[in-house]
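In the part that follows, the structures are each spelled out as structure tokens.
Both of the next two complexes hold chain A, though its partner changes from chain B to chain C.
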Partner chain A sequence: MMEFKKKVSEMISLWIGEEVAVEWRIDIKGVMTGWCRLQEGTLILPAAEAVACLEGRLSMITAYLSEQAKLKGVREISFHFDLNGTTLTLSIELPLEGARIPSLTHIFRNADWNEREFMELYDIQVVGHPDPRRLFLDKSIDPAAFERLIPYSTFSNGANSKALWEKVMAQNNHTGKEIP
Partner chain B sequence: MSTSVIKLGPHQLALEEPMYFRVEVDGEIVVGLDVLAGYVHRGMEHLVMKRNFYQNITLLERLCSLCSNSHPSTFCTAVEEVAGIRIPARAEYLRAIADEIKRISSHLFNCAIIAHIIGQTALFKTVMEIREIMQDTKESIYGNRMDLAANCIGGVRYDLTPESAAYLGKQMERMKGPLDELYRTYATDQAIRTRTEGLGILSKPDAVNYAVVGPVARASGIVYDVRKKNPYGAYDRLRFEVATEQGGDVRARAMVRLREAREAVSLIEQCLADMPPGAIYADTLPEIPAGETIAKSEAPRGELIYYLKTDGTDMPVRLKWRVPSYMNWDALQVMLKGHSVADIPLIVNSIDPCISCTDR
Partner chain C sequence: MEALPENDPIPPVRLYRINAGSCNGCDVELATTASVARFDVERWGCRYSESPADADIVLITGPLTVRVRDKVLRLYGEVSEPKVTVAVGVCPISGGVFRDSYAVVGPIDRYLPVDINVPGCPPHPRALGAGIAKAATLWRERCGYTQPSPELASPGNYDGDAVAPTGLRGKMRFNAAACVGCRMCEHVCAGGAIRFDETDTGLHFTLWHNSCAFCGLCSHYCPTKALSVTDEWQMSHLQEDKYRLVEQGVVSFVPCTDCGSILLPVAPELLRVAYRETSREIERLKTLCPECRQKQSIGGIRR
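On to the complex of A and B.
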């Protein structure tokens, strides 16, 4: 276990060019998780390269904007990787305004949907994403949906009310043909 | 090469939930795919940040019906981890029982759909009848055929009396013969093999590249099951084999699910035999402190991961989860390429997609 921890820290340090400290926690079942906060947002790219060298897999990306972070003038993203059963979370801070982050899609193919999703929920631009279209939300909904007040029926595409049906019917009347 | 694009929706694909596909075809052959999601998006990650931890258990159970136990159970595990709550041993076994009951029902539903798509109507009916034993079991023990309401922070909300445990044991005994027979049928029936073998192949290198999880990954030879890799609850004390296949095709994915259904019966029996008496939930709960954690489980469709960030209040600062289907959609590009349009419904359903889970 010590060897594994050392290997992970050394590989990330090697790729980003500075010493990083990973905090390791072990739960009552002996399952280990690693937690690391990178100094700059752009470091996520070499850090992800390091994880790929360790044969890791991208599990999930979580973007979030807490009140505490807002007071500091930052927003956060956590990248959760799987290293053969051990979850390693690498977190970064980005500025509140004009947040930009490099895409990980050329390292981890499955970053595609994760990045498209947080781009529509938060005011974060992913640089170099091959297909930065909306993933779930309709184009008509303002960007950064989690950062503004949006009526719930609009946010959920009207799926929980009659709003979606009314929208389809209105479009139907407008075009004069059936919606596929 | 001149190609055209066709749009397919749930009606054409035998899906019970809305997901659309923009398929690029050369004549009858699939050459490209674009998955169009969001038609059942309910903004649930937003809703969970506006509700307290207790309300979120109820909300998350309604995320989807087929894996409805995995969500509240994994969420509760995350809250317990942040707060340092240790749930009673009996509750760990009761959570495993609920999870495995749901796994059997979910896997059988998919195997029935596969039979339906390939025109095996009698087999479809047989599989659904076998599944009905599980539905009756859920209704008898939990009072509901889909949402079990089994979990609470610190343990579970239900217990098994000696009578109900005996009933569950008998129901599992009833499942063994039919499940073995189903496995034999899917493994040897020539008509089924002809339609499923060599179809929708996802090689092991592609499975790694696309980072697929669950039965889809295991059918391509990836030996990964969260219950083994990240033991949680009672799984560190339960014995089972991780079901894997090497074919990576529609048949391999069905075979993995049928073997897992059979293993789940054994896991439930082990739980019934090994479950200690005692409390089913922690007596006192501390306040949930500020912190962050990861919780994982093996849902019927594969690895489910939850990230929870708290600030000391009774509402999450952020609760994010990634469902197994989210990882598996993209791999359809590989599975469908080179196959006929007529094979699309069968290949799409072979990943057992959960659309309510994907969209949230």
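On to the complex of A and C.
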């Protein structure tokens, strides 16, 4: 196990060009996970190359905007990799405005949809994405949807339900059986 | 799968399927109508077409999302007239559980004329078969075929046998006599299919089957089981009946036997849940309004 941990740290350090410390945790069930925060957002590209060299795969990418990070003036993205059954999470910090990050799609094909998703939910530009179209949201909807407060009454005012129920009630004027 | 007789003068009716943003639940059920012998649409003289230009009947699944609206309308426009349109599942009919979402622009009849609705979430393959058979009959009428297709001559053919499969979640049924008016069903209803209206005479319950997802949550949470899931699957209907497909009931108010103010009657099912057995005193108290009950409970004769 020590050898595995050492190999991961060395490979990432080699690709990044500086010493990287991965924190390894083991939970009560004996599951080991690795955690590492990279100094710069752009370092995710060589780090991903390192994971690919270790024959790891990308599980998913999570972009998030926590209150704690916002106080520090940053946003975060966590990249969750799988190394033969062990999860390695590499996190990066990006500025709140004008965040840019290199695409990993050419290394891990499944980064494609993850990157397209967080591009439409957050104000993050992915540089070098082969197909940066909207994934889920329609073009008519303003980007960075998760960065705006959208009152529930704005995106769902119930007008459709109201109109349909008016038609239902107009054609069924309480004709149910009355209980004696 | 039964082949059409060689001398059948009526050509097969061609079906074209459009997914208008469906979760694919209805599409999976539709797949059975092309791959499982006892549900096969060929039994009703129909077959699936790969091109809208060759189709006679359009089957639409999904709530019609913003993303696919234009594509759906373009494909629909490519189907030549006369055509018959079938809304498959509650989503295209009413929006179902997706109604009022910013990403949904349906129901589809806002954009194109619908002829037949097959509610369900998803509808059982038999219900799909019945809806498709009705659509085929309608299409043949529109085309001027006076002689009915032999497959469709008897409605019993496509209504299927009377026995529903075990565990089938069908139409919901309401028993007003057991309702206590807690409105929990309205609260938990995934599709917004239930509403209560209070009038001077009582509490009016309405369940619109065209928005019901058959999830059974209303029945699960109903403390007195005034709502129950039946195995009735045959719900396909003409568009003109869309808003009439309801389950209704009225819980009439009764006067308090002491002061005369109105109250909802206490259902025997509620007493069974609360006390298991009732006594003469409980029977007497249940006819009183809360205020009189309180007065009598506190200030009444002590035993």
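One rule holds for everything that comes next: the second predicted complex is superposed on the first by the 150 of 180 C-alpha atoms of A that agree within 3 Å, B and C clash if a C-alpha of one lies under 4 Å from a C-alpha of the other, contacts with A are read in each partner's own complex, and residues count from 1 in each chain.
Everything below uses one rule, namely that a contact is a pair of C-beta atoms (placed from the backbone, for glycine too) under 8 Å apart; a residue touches a chain by one contact, two chains touch by 3 or more.
These figures come from a predicted structure and were not determined experimentally.
Looking at the shared chain after the overlay, A:28 reaches chain B, while chain C stays out of its contact range.
Shared-chain residue A:64: touches chain B; no touch with chain C.
Applying the stated contact rule after C-alpha superposition, one finds that A:168 touches chain C and leaves chain B untouched. Measured by the number of chain A residues touched, the leading partner among chain B and chain C is B. Of the two partner chains placed by superposition, only chain C is touched by A:141; chain B is not. Comparing the two interfaces of chain A, the one with chain B and the one with chain C have residues 137-138, 155-157, 159-160 in common. Taken in their complex, chain C has these residues touching chain A: 66-67, 94-95, 99-103, 107, 174, 176-177, 192, 195, 197, 199, 201-202, 204-206, 208, 211, 243-244, 246-252, 265. On the chain A side of its complex with chain B, the touching residues are 27-31, 33, 35, 57-60, 62, 64, 66-68, 78, 80, 82, 84-85, 87, 89, 108-110, 112-114, 121, 134-138, 145-146, 152, 155-157, 159-160, 180. Those residues of chain A that touch chain C in the shared complex are 137-138, 140-141, 155-161, 164-165, 167-172, 174-179.
Interface residues of chain B facing chain A in the complex, by the touch rule stated above, are 7, 9, 37-43, 45-46, 81, 86, 208-211, 229-232, 236, 292-294, 296, 303, 305, 307, 309, 311, 317-318, 320-322, 326-327, 329-330, 359.
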